[in-house]
Amino acid sequence: MIITLKKNTPQPEIDRLIKNFEKQGVQVNMISGANYNVFGLVGDTAKLDEWRIMANEWVEEVTRIAAPYKLANRMFHPEDSVINVSGVKVGGHEKIVVIGGPCSVEGETMICDIAQEVKAAGGVMLRGGAYKPRTSPYAFQGMGTEGVLAMVKAREKTGLPIVSELMSADKIDEFVEHVDLIQVGARNMQNFDLLKALGKVNKPVLLKRGLANTIEEWIMAAEYIMAGGNKNVILCERGIRTFEKYTRNTLDLSVVPIIKERTHLPIIIDPSHATGDWKLVEAMSLAAIAAGADGLIIEVHSCPECAWSDGAQSLKPAKFASLIEKGRAIAQVVGRSL
Amino acid sequence: MIITLKKNTPQPEIDRLIKNFEKQGVQVNMISGANYNVFGLVGDTAKLDEWRIMANEWVEEVTRIAAPYKLANRMFHPEDSVINVSGVKVGGHEKIVVIGGPCSVEGETMICDIAQEVKAAGGVMLRGGAYKPRTSPYAFQGMGTEGVLAMVKAREKTGLPIVSELMSADKIDEFVEHVDLIQVGARNMQNFDLLKALGKVNKPVLLKRGLANTIEEWIMAAEYIMAGGNKNVILCERGIRTFEKYTRNTLDLSVVPIIKERTHLPIIIDPSHATGDWKLVEAMSLAAIAAGADGLIIEVHSCPECAWSDGAQSLKPAKFASLIEKGRAIAQVVGRSL
Amino acid sequence: MIITLKKNTPQPEIDRLIKNFEKQGVQVNMISGANYNVFGLVGDTAKLDEWRIMANEWVEEVTRIAAPYKLANRMFHPEDSVINVSGVKVGGHEKIVVIGGPCSVEGETMICDIAQEVKAAGGVMLRGGAYKPRTSPYAFQGMGTEGVLAMVKAREKTGLPIVSELMSADKIDEFVEHVDLIQVGARNMQNFDLLKALGKVNKPVLLKRGLANTIEEWIMAAEYIMAGGNKNVILCERGIRTFEKYTRNTLDLSVVPIIKERTHLPIIIDPSHATGDWKLVEAMSLAAIAAGADGLIIEVHSCPECAWSDGAQSLKPAKFASLIEKGRAIAQVVGRSL
Amino acid sequence: MIITLKKNTPQPEIDRLIKNFEKQGVQVNMISGANYNVFGLVGDTAKLDEWRIMANEWVEEVTRIAAPYKLANRMFHPEDSVINVSGVKVGGHEKIVVIGGPCSVEGETMICDIAQEVKAAGGVMLRGGAYKPRTSPYAFQGMGTEGVLAMVKAREKTGLPIVSELMSADKIDEFVEHVDLIQVGARNMQNFDLLKALGKVNKPVLLKRGLANTIEEWIMAAEYIMAGGNKNVILCERGIRTFEKYTRNTLDLSVVPIIKERTHLPIIIDPSHATGDWKLVEAMSLAAIAAGADGLIIEVHSCPECAWSDGAQSLKPAKFASLIEKGRAIAQVVGRSL
């Protein structure tokens, strides 16, 4: 951590600050510059609060050097983490996983049918929303427990592990019992109480990046879960909020090499919510595989127009199957398989 | 709602769509354009899902005409709402309320002392965080229940109603019992389960705008709470996330006239979290009052450098008092008082 | 174009507005809604100014239906445009072009050497900056004419066409004489006078997307050039400005399928400026090819650390060559070649 | 400047780097941390290019400590700059200036009439566009020279100095001859060649902030002009681009105290282009004055609905006059006058 002080900081203040930091277990090296004095702090600076330090009237700026995450940090865990989701392995040099399914579970028959289509196409996991995060209170909120149980039926019939979004901690037991991969939605990425609760369960978590959260904040959200004891976190990029109007969000594929460089966690891509337009999903999926992603999570619906939510971004099963075929070829080029 | 169809949409498809919409209780007027056909839908279109309609291969675009909010909409509730927080009225032509207090409650003595300062300076409500939303799991997470009770003590001594952030629904009972105004933090603005739970209690809610949520999404979050039965919502702008690096967030003061035009809810401003820099708080506070805001919520700390969180944006009591004095003068010019 | 009027708009005003629009050559269809009246305008609405219409106190909203671009619009020009840059064809089903070279021309020997490396690696065009857009007036501003002539030398030795950024119209003659592809930089994307001037020359233009310009504004900038008479425009995405701090910009690869759907112009990607980090360039380049891009423009420098500008994002020749090899394999999968 | 090196950087590399920097005239202090080594550079680091340094494979991060601007920096010029625009003084403790006028000059009579209204209302300068930056090539581009001369006539009749936007350097002579304050538009804020040209003339410049430029980039644009020899720069905030849809841009009023803290230049606010909605202009204008702005530049039109551009954000003369009256009262509170 580097602290920049105004040039005319009184000596007694400088001495007081140095003592203060040493008391907190960090060593202070001072460099005198032309217009500033600089403190270089060495030691465990993770617990220092830069906003508190910046409150000091003589402090100009505080710059963190070390990344604030440890458990997720590849520097301390050089090997890739491979997360096992009920037999499907994600990450490292494992096969690229393709997860498919509808935005919302609309009934048992419906989800079982789509599950068959997803499996036939080459998908290895089934997604489906039982509890839906809707911007409007008047929109369909999801089938709830009934939806979860319908997905369980679909798993029984196809063998596909299921991933579903958990909206609040009061349903954790239901999810731990029935769901293979618990999804934390974009709008809950910084629902810290939910993250802490998931840190205490023994179940893999799919952590979506928030609408406008930095990669660092996203990794820190994973750190919350891991700090609780649950190391099984898969990251999922789903597009970030920008000024662009032609897409629902802006898919940030640079996260793939960045996450792989800075962390050891697997990273998958959701091109459906990112683009909001089924016509863009294939191109973005192939791009994601070429970039090195560990997987894709794609919305599939037999009749997108009939979908109870997010139909515009859903692929019909035939297109989903075709995408997986092309994906296989791309995967091979980058040394992976599907 | 306006639906744009491709020019060459087959007649059977047009007929099918019209029947579909009529079945959902809306009337369809069709306009034939040079390169597009347009449906003008009339009726209760709030429940129609535009993403589902856009899934249709013949649909080019869907544009909503009516705002999706009803309960919060001034069109259906022309008079200002005045929210009563244990005797302090917020909104309409009531006095502009100034809420002050530390970011975190750090102890009973500390919060009682600051409460006295806030009251002496002219503040009418006390803020303080007992449960803190921290980006890092290693940072101070708040005193919890102890902190809430310390704030209760401060209220007993000063008579100031207290406002504090509720992080998750499992503490609702504690807050309903002890807190006068329950705050929903920026990162929880779209924690829909929390909003639904707050919709069921009889306690005013202070709803902060999310880091990167549109004004419309923000009003819809208020709509969630109101739809549950709790009409007592006060909105709070705290800066939005942008590319600018010199400030922590970008304070969007245009929300003041916009919220007043479109809704009947009170709107207050948090210049502390918005700017992240105590040196900017006064200017932004006076600007907010001049713009017509119903109140301010400002961080105050006797020793910002010692603050356990967000010290850099906290004002010392003397500066807080001075700000209130200047604020009185501005308020008078715009026909309000403090 | 759809115009939404307040429900209580007086009839005389409605009549006046209808006459006004008819006089401008558009036909008006009116739909009466529950809370709004809606005008559907049919005809050539491109010349109508929505900001002027919105000034009317009875108008709530104006929504354009047809895209504002015509010359660039695929609707009116269904076949791909193939732009010929001194023998190198870009677009359609032509080979994916890879353009390489340093950020700045630093000397004749330097640029000739890099040109040889670029050619040997498989690049088909040479980039290099003679006039540099620097945020600071104290930074190296480019070699100017000397730099252009050095690039000419490099072309003589290798046969590679050259692309370079034109900063202002006063150098147009110099560029028309010496440069094969004239680049308009991100910060000049809406320098309308420069666009108009380039519309009058017979030389292909590489139009970079602005830091925070929408895809629609970008296509309209191309429309400026095409409206002047110069149809030879190649679009280049170089990352947009967002809140993310780990990358210099956010590379928006969704532009590839979007540009191809809405326009007939070729689209290439600049992963160097987008990411600002050479370690991310390969992954993003392969992703771009997989997404369907018509080309890449990549910074290459023999000694990035010595580079006079933007060294951090430059690839060494060996890495550039390796990237092209991998790119060939990806291209094959998506039905193209390199 | 602080440079962070990886912990395992080989000693010969460390030695080489240190020599390299010393040769460039800066002194290097090294601090050894737990996981990183840090160089603290002391001396004139302005000319060092951080992107070039970051190209070194052992460098993790480069952080600038000193602001990159000097001429605009208050640290080196503690007194406020007061810019004299043909007798109207802007900045420091001078009166807050209110500039009014139409978006476009539409004729001599029109501009002379509005000029009278602006003057009668209390405005002290007349704005008007003769050369318009339009997103579409099909939109009205401005009256050109005829428009400039019409504004000259308006000045002759009212005595109001005139401010108008210069789109390209080829019209500089025309502007130097006729215009009192030359405006650089948002889309030209980083048109470096234009800035350099304006640096050479002896005429005040009104520099608008770019759509998505940071405050630092904005000040550096001013630095370009000042470095050329022209110290007379007034900054103008006109809203930045964000995700919000209810406003045309997001007005960032925090720039007022920030610009005053970091620079000595005057700062005025354009609430018209910022909000895009005349109904928001008054509230934002009063807020700007309360925040400490040195002036306002507001669009005024007798018949906004008839305006040839940007009608929706124009105020009618009566509203403009009323705004100025209220503004006077606010100004008094903050120790200024109008």
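Per-chain residue numbering starts at 1, and chain names A, B, C and D are given in the order in which the chains are listed.
Note that in this section a contact is a pair of C-beta atoms (placed from the backbone, for glycine too) under 8 Å apart; a residue touches a chain by one contact, two chains touch by 3 or more.
Bear in mind the structure is a predicted one, so any value in this text is a computation, not a measurement.
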Comparison of A-D and B-D by number of C-beta pairs in contact, larger one: B-D
Among the chains, which one keeps its Cα centre farthest from the Cα centre of chain A? D
At the chain B/chain C interface, shared numbers over all numbers used: above half (same) or below half (different)? same
With chain centres taken as the means of their Cα atoms, state the distance from chain C to chain D in Å. 26
Whole-Å distance, C-alpha centre of chain A to that of chain D, is 39
Where chain B and chain D are represented by their mean Cα positions, the distance between them in whole Å: 31
Residue numbers of chain D (touch at least two other chains): 212, 241-243
Residues of chain A touching chain C in the complex: 212, 214-216, 240, 242-247, 250-254, 256-258, 261, 274-275, 279-280, 283-284, 286-292, 326, 329-330, 333-334
Interface with chain A, chain D side, in the complex: residues 2, 4, 29, 31-36, 38, 40, 42-44, 60-61, 63, 65-66, 75, 212, 241-243
Complex contacts: residues of chain B adjacent to chain A: 46-47, 49-56, 68, 133-140, 167-170, 187-188, 190-194, 196, 210-213, 217, 220, 223-224, 227-228, 241, 276, 278, 301, 304-314
